[in-house]
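I have placed the structure first, in the form of structure tokens, so that the comments after it can refer back to it.
We just call them A, B, C and D in the order they show up, numbering each chain from 1.
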């Protein structure tokens, strides 16, 4: 790598430096817009005792779910985790700690983490179990919770197209948590479908500017669909 | 007779107004999209990051990168916008969504809602529900009036852990349409053929019945 | 207006409801990306005692500066206001109150206001006059200020192209404060160079989704330049 | 001899590293862009919302919609990105900018900086300076060592209202390059022909001089 060319050609380079006990923030919503190859690399590396921050934890055998197979995740921060039996089992066995976080608060925690905002107030969760142990403060007549931001040692992100500088765009709703995750990693690794040359992406249409991205790798994606719903079946 | 799921959805749909941005939860709320009254346009917000959710795709339109918050494959309506989940919840938390419709286990007379956690059962998570109930200006809760044991789900005080506090304005059940205000359920409409007495019997929370309670109509 | 068609055809419709004493949040950076016609309409309407929130206050005779001519602004919240003599004069006379706010904090206050976040912590301004009267809190070993968010009765915003639903895109650096301003108005009015039909803008390339926009008007723009700098002069 | 503005900029430019994202303030810092060493690429961030600021445009390229934070017409470099001011300051506040170069009225031995407000003079505002000094990992302050009355601007304690606290790592003046750490200025380099004694005389704050202090070189 020289200058701003952040493209790496192997997954081991892409995830170099990931160590046991680190925090990994992952983009994606369900199985949509997940960095499939980077997750596979973490499984291959066998890194353990990870704290993973992601809206969901994949399904059995796909997405972040594969990191459960060898018990690589010790703590999961997520808004909804109900899609895999292995998760359930490890949770009940006490092998896995879970911090359930409201989806919007989770998105904002990642954004705030990347934006140098250590904490913010939100009405979400006031009066619920989410408020346990958190400061509640009345501002202009309404109660709000103080929520700390999240940063990670690594962020793993999936985009559609990126240039060599890491400027990237996401495709449709595969955007989801990826832009915030991208900002919140000490090292942010971007896995993309296509690498283009700098200048090919219109500057004002870039979703995530390259300043947030440390490494870019071209991946191949299965893009498994969680729930195929079509007109024929439903209307 | 108690309303079917479809009838509940149909009654909810009558609350829609032209130009509303609406978030529909999973279950009965999703069905509301099928009953938007003629002459009215609404735009559906899906909290993963889509404003202007269209119908399900045809088999050859299915795209793994185009899903809704229920993780179902969908299409984008004409004039849709797609954005990050942070932007999506900025909309929700900031009160820009006109109406949210969602289901619940319990609702109480102070507008509290419990919809995500049953102690000693495995908790899958709250997803976006806590943000939706904290942020929406206007929330309709859809549910059966009582559980399968005949116990009321409209309570003096929710027994389950809450999703949100003092946030539910309106409840549409299989038996009735009720408004929540001033610490009580106000019975506004009853399902066709359902007696006020039955509703009284199945409402554990404080219920206000004033005058004749009209039967629901669906158009 | 029916359904989602937010297009209005007169400036008086565009700014209907603006009353004396209200708060107006305006997009723009210097004279770049300012809603010229909406500002002119406020001048025409003669609305007074306004609190205006904007990064700058235009120049003498252009941009928000024209609202100073008839003393329509009673308070200005901005990060930098040094470009007009009239401003200086009214400030020294005590006719105008100014709340200087760091540029990044101002941008974030607008975003937070629109996003339902009533306050956030930032390191910006700690130990400076900006901290006066604000809570300072140590989080993870560093001091931060608590900054409340900003919302306005009106937001006036300038974009390049919008569809009838108010979905819009900005052109180049004329984006600046406009996206945040758009989210923070009880009523947000968008003045644009071109109106297109819904569906013409690629959904994932829309900068501001129409949900934030209440009215859209097509304007004509002078686009005055504050400092023309060219290669010939400088290199 | 004291350095010219251009020479200060040239010395600052030697601190650049390949692949740095850099924010340059108004005045001397702006000139740094003209002296980026050969073989090194940097990308300039402009806080209104531009990453990858290019040179000034030719007369026929001038575009009112393409300006920098100094409100000057500029171009976008190849591979530039344009975004909102909130995003721009998210980058800055979040510590993603590798180096910030800015001017100051005063700097003190604890790394405090005063650069925006002189009491009893009209205050135009801090613009983005407070965010930049609070957010940058690495800040170089450029200034003349003393004011026109010969009074030091490198102080024990800033006398003017601060822009930021404990944030300046390095000062490059017309006389010297100094590092600030452990509550003192550490003299690392002197301008060619400027004596250590002159620097001592013109530094009011605590100054550490260890061993021979080399003269600056510019390449």
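The rule we apply is simple: contacts are C-beta pairs under 8 Å (C-beta built on N, C-alpha and C of every residue); 3 or more make two chains touch, one makes a residue touch a chain.
Being a predicted model, the structure only gives us computed values, none of them experimental.
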Which of C-D and B-C has more C-beta pairs touching across its chains: C-D
Length of the line joining the C-alpha centres of chain C and chain D, rounded to whole Å: 29
Chain centre separation (chain B, chain C; CA means) in Å: 35
Centre distance in Å when chain A and chain C are each reduced to the mean of their C-alpha atoms: 32
Euclidean distance of C-alpha centroids - chain B vs chain D, Å: 55
Where chain C touches two or more other chains, by residue: 108, 111, 115-117, 122-123, 171-172, 175, 203-204, 207
Two or more partner chains touched - positions in chain D: 50, 76, 82-83, 89-90, 92-93, 134-135
Touch-based graph of the chains, sorted into line, ring, star, complete or other: other
Set of all touching chain pairs, with the criterion as stated earlier: A-B, A-C, A-D, B-C, C-D
Of all residues in chain B, those that touch chain C in their complex: 18-19, 21, 40-41, 43, 45, 50-52, 76, 78-83, 87, 89-97, 134-135
Footprint of chain D on chain A - complex, ascending: 1-4, 111, 113-117, 163-165, 167, 183, 198-199, 203-204, 206, 209-212
Interfacial residue positions of chain A with respect to chain C in the complex: 108, 112, 115-123, 139-140, 142, 144, 148, 169-172, 175, 203-205, 207
Partner chain A, residues of chain B touching it in the complex: 46-50, 55-59, 62-74, 76, 82-86, 88-90, 92-93, 112, 117, 122-131, 134-135, 161-165
Sites on chain C touched by chain D in the complex: 29-33, 55, 78-82, 88, 91-92, 100, 102-105, 107-108, 110-111, 122-130, 143, 160, 171-180, 207, 223-235
